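So that we are looking at the same thing, I have put the structure below in structure tokens.
For clarity, chains are labelled A, B, C and D in written order, and residue numbers in each chain start from 1.
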Amino acid sequence: MKKYATMLPDIAGSLFKRPATEAYPFVRSQAPMRLRGLLKWTPGPCTGCGLCAMDCPADALRVTMLDRKAKKFFLTYNVDRCLFCGQCVVSCRLGALAMSSQEWELAALTREAFTIRFGKELDDQSGLAGGPQGEPHTDRS
Amino acid sequence: MTENRTPRRFTIPIGPQHPALKEPGAFQFTVDGEVVTNAYVRLGYAHRGIEKAAEERNWIQNLYLIERVCGICSHIHALAYCLAVEQLANVQAPPRAQAIRVLVAELERIHSHFLWMGVAAHEAGFETLFMYTWRDRETVMDLLEGLTGNRVNYSANLLGGVKFDVDAAQADSIRTGLEFLEGRVRHYLDVVSHDATFLQRTRGIGVMTTAQADVMGAVGPTARASNVVRDLRVHAPYAAYPDFPVSIVTDPRGDLEARFSVRLRELFESFRVIREILDRLPAGELAARMPRRIPEGEAVIRLEAPRGDVFYFVKSAGGDQPERLKIRTPTICNLTSVVRLAVGHQLADVPMILAGIDPCFSCNDRMVQVRKQSDGSQELMTWEQLRQHGIEFYRGKAQ
Amino acid sequence: MSTDEILNLAENIACQWDWATEISRPRPDQLDVKVLKLEELVPIAVGLRVKRLGHLSAIVGLDLGPEANAMEVIYYFCPGAAVIALRVRIPRDAPVVPSMSQVLSGAEVFERELHEMFGIEINGLANTERLYLPESWPEGVYPMRKDFNPAVLSADDEGTKND
Amino acid sequence: MSLLPGIGAMLIFPGGLSLLTASLLYEWADHKLLALLQNRIGPRWFQPFADSVKLLAKEEIVPKGVDRWLFFGLPLVALAGALTAGLYVPLAGLAPIASFPGDLIVVLYLLSLLTLGLGLAGANSLDRFSLIGATRTLTQVFSYEAPFMMALLGPALAAGSWQIATISAYASGHWLALTQPLGFVVALIGLMGKLEMPPFDAPEAHTEIVAGAMTEYSGRGLALFNLGKAVELFIGLTLISALYLGGVENPLLFLAKTLGLLLALTGVQALLTRLRIDQTVGLWWRYGALLVLVQWLITILVR
């Protein structure tokens, strides 16, 4: 059996429907809770063990030890390398890493903006001093 | 001006860049008037050297490399790799994890088949069907995004299990989404099997007999549309398929219409399996502990991807990196059939025949090639070199 | 046919060449046939094909490294849930295997890939054109070999041998 | 007709610039309606203008091996043909700028210039896609042209005149679409064939031959061909409304009727799959021509 105009109900209906296209930059829809966006670091539990950096498939995370005894270290997070796979979050058994479901519009005009440092008690003379306690210091400005 | 023209015979290059192919594969079709008399294929335009690269990464890093073998069936590749590594390590993923793996795999199948139907309709010149299928594909992509956190590379797998659970709210949203999709699939099945103008482009076109499919080694829905009864989910059930069986869908006709019909009817099976999984999801852990070093050995894993069966061979030498990884994707098996089937058809049917197997060139090609403008020579770059090149390029720009 | 029956049948076929094979079952669904005499490889494959066990799923090349001076080629036949491996070991400095493409047309692309990635010569393969690698890829450089060094490619466009 | 207003009418209103503007707006309406039918947003109203301006400003790349005169001349001829045809039709419901007995035939030939220009432009190129596109374009001309012409001559038969103004005046009293339904349908579908709209877009099927005959055109030439097509859409709609839909006495009626027709056209576009070239030819000669002949026979017998 052959029919003609099988998609007539669709196109007739669409005349009275709003287009399905999302007007993205003008209208933003809510991102799902589990969306894997920008990586967030909580300073408390982190011991600088480096498991996250070891498992990162894209080499986006790097742990730099400043003073092993005093537990001074910082993490360099390269957003432009990040695959947003979430392996670091799983690899971190201490729960120091999480991915934001809100921050996902990460385009920037300079390469510097893609390097984020997560630091703990950084020395001032190292020139890497971060923001206030716990806030990741970013070079985004 | 005229001496360059042979009067009736042309070689039509389709690809590496051509509007009919959204991916780079090069085909050359010799046409006599409108009829194809010869066909030739050349691959490698998207060859990324994944098999080699995998030998230089640890087992965990590879999981995400493997997921990028293909953009559409990312989950099934990661799953195949996980199962192979688990087999080597002699670790069994918990039943709940296996069920969630199958759940994502089936959602991915829905996504893949919708995408394919849109592309095939576009090749045929039925833009409306293309637009509507891709609109509806958003539904399943949203479901996947809500479930896994990403639209394409779900990264649902871990070595030894999965990353996330399915809660009641998510199960409900999946059920609602499936209901809508099921209605749509029913409608599309009606369209592709009854629409008179569409049938003119699919019925009796690109016919592959069962014997041909067997000899050419066709796999997946392409083979099943030629009445080859082969579906690894049924014949060699893996992950949670032993508990949530699917039934096989075949079609004896072997033409393009049959390929549409098989893929769409397969979706009803997917809907059913997903609902079953949601209804009786086994309780328990989400992941088993995995050693960082994998014992020596070889593992062979075969899974039914949306496009046909994928073959994974993983060899471990006992270290924290694989010794060898071999991936055989379904497209390479089916390409032989395109080259053979296209001969004798109208040029206008070629994009349809090509699309009919649901080709995926990125699956197929897994090195980065840089053509030097100055002397026309070619150079291959490793990842490190390419990365270094990128850094230097932008540094140069900034100054 | 159940998986066991398939494997038993395949084992019986391989046993006909018992002077040239070593048979083992590494896993319940797998049969591993080491083919010791290279010239018997294709006849065994034909034997499998005749009994409709000849669905060639993949050809895997393995470079065992310069120290071992050997390569392995494994032909995987996968009827149903069973996995039948035909395994041949060849010297690394003169790797040659016979072509299966005359008896299994699907084998051609796999053999072409094997040829260009490992530099294994496929005796009797009609079409040895490049399938994946670019035309300008230097002759004699095989990327999947263990001692492949990508530096030779960018350092020298003429294409020096990498071994 | 005195000289100055005549030139004004040709270049500014209702021909010339106004015709181009209106055509581009109709092209937009076509795209927008199609988008709505496909549940998309579609372009904004100035998109066709932006496209035209961009293409006109773009560098024109002359491919190797083409005849330069033909390469630059054909788009001009095509657009000129379409614009000239505009002089003889009741644009926007106003009286045609020029009129003489038998102008219907002239208009039909002028409208064919575009398709012919396209075909020749494709054949002028060495590109394989262009050549195949040209072959297909010309094959298609031979299939739809005769039925389309005959379908438009149906009202002429009924009115007993070959002058558009006269037929139009006669038609305003009679909805010929009702008395000559077959002719109307063939004329409408013929217009789609002429404009290479889906499902008759085999000559420029993107998935097979990139852009068909126009593959090698990049800047001005492409813009002129596109403008020509837009103008032809507008004139075609005007002609069919004037001849079949009870005439177009005033701009408001004109708007309603042409937009109604456009909606029907986009609906058909949305519902059908592209026909292969052999299927197109078969369709026109097997059904199109036959239907028109039956229509003629009926018209002549009834009169």
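Note that in this section contacts are C-beta pairs under 8 Å (C-beta built on N, C-alpha and C of every residue); 3 or more make two chains touch, one makes a residue touch a chain.
Nothing here was measured: the structure is a model prediction, and the numbers come from that model.
S.K.: Of all the chains shown, whose C-alpha centre falls nearest the centre of every protein C-alpha atom combined?
M.R.: Located nearest the centre of all protein C-alpha atoms is chain B.
S.K.: Indicate the whole-number Å distance between the mean C-alpha point of chain A and the mean C-alpha point of chain B.
M.R.: Computed value for the inter-centroid distance: 27 Å.
S.K.: Can you compute the centre-to-centre distance for chain B and chain D, using the mean CA position of each chain? Integer Å is fine.
M.R.: Their C-alpha centroids are separated by 43 Å.
S.K.: Provide the C-alpha centroid distance between chain C and chain D, rounded to the nearest whole angstrom.
M.R.: Once rounded, the distance between the two centres reads 61 Å.
S.K.: Using Cα averages as centroids, what's the distance between chain A and chain D in whole Å?
M.R.: 53
S.K.: Multi-chain contacts in chain B: which residues touch at least two other chains?
M.R.: In chain B, residues 128, 132, 135, 195, 197-198 touch at least two other chains, as defined above.
S.K.: Where in chain D do residues touch at least two different other chains?
M.R.: Only 37-40, 270-271 qualify.
S.K.: Tell me, which pairs of chains are in touch?
M.R.: Chain-chain contacts present: A-B, A-D, B-C, B-D.
S.K.: Can you name the residues of chain D that touch chain A in the complex?
M.R.: Chain D residues touching chain A: 35-42, 267, 270-271.
S.K.: Please output the residues of chain D touching chain B within their complex, sorted ascending.
M.R.: 37-40, 65-67, 126, 128-129, 131-132, 198-199, 201-202, 205-210, 270-279
S.K.: Considering only the defined contacts, which chain B positions touch chain D in the complex?
M.R.: 1, 4-5, 10-13, 18-20, 31, 34, 121-128, 131-132, 135, 195, 197-198, 200-201, 346-351
S.K.: Spell out the part of chain A that touches chain B in their complex, as residue ranges.
M.R.: By the definition above, chain A touches chain B via 1-4, 6-7, 10-11, 20, 32-36, 54-58, 83-87, 90-91, 99, 101, 110-111.
S.K.: Mind listing the chain C positions that touch chain B in their complex?
M.R.: Chain C residues touching chain B: 3, 26, 29-30, 55-58, 60-63, 74, 76, 78, 80-81, 83, 85, 104-106, 108-110, 130-137, 143-144, 148, 150, 153-154, 157.
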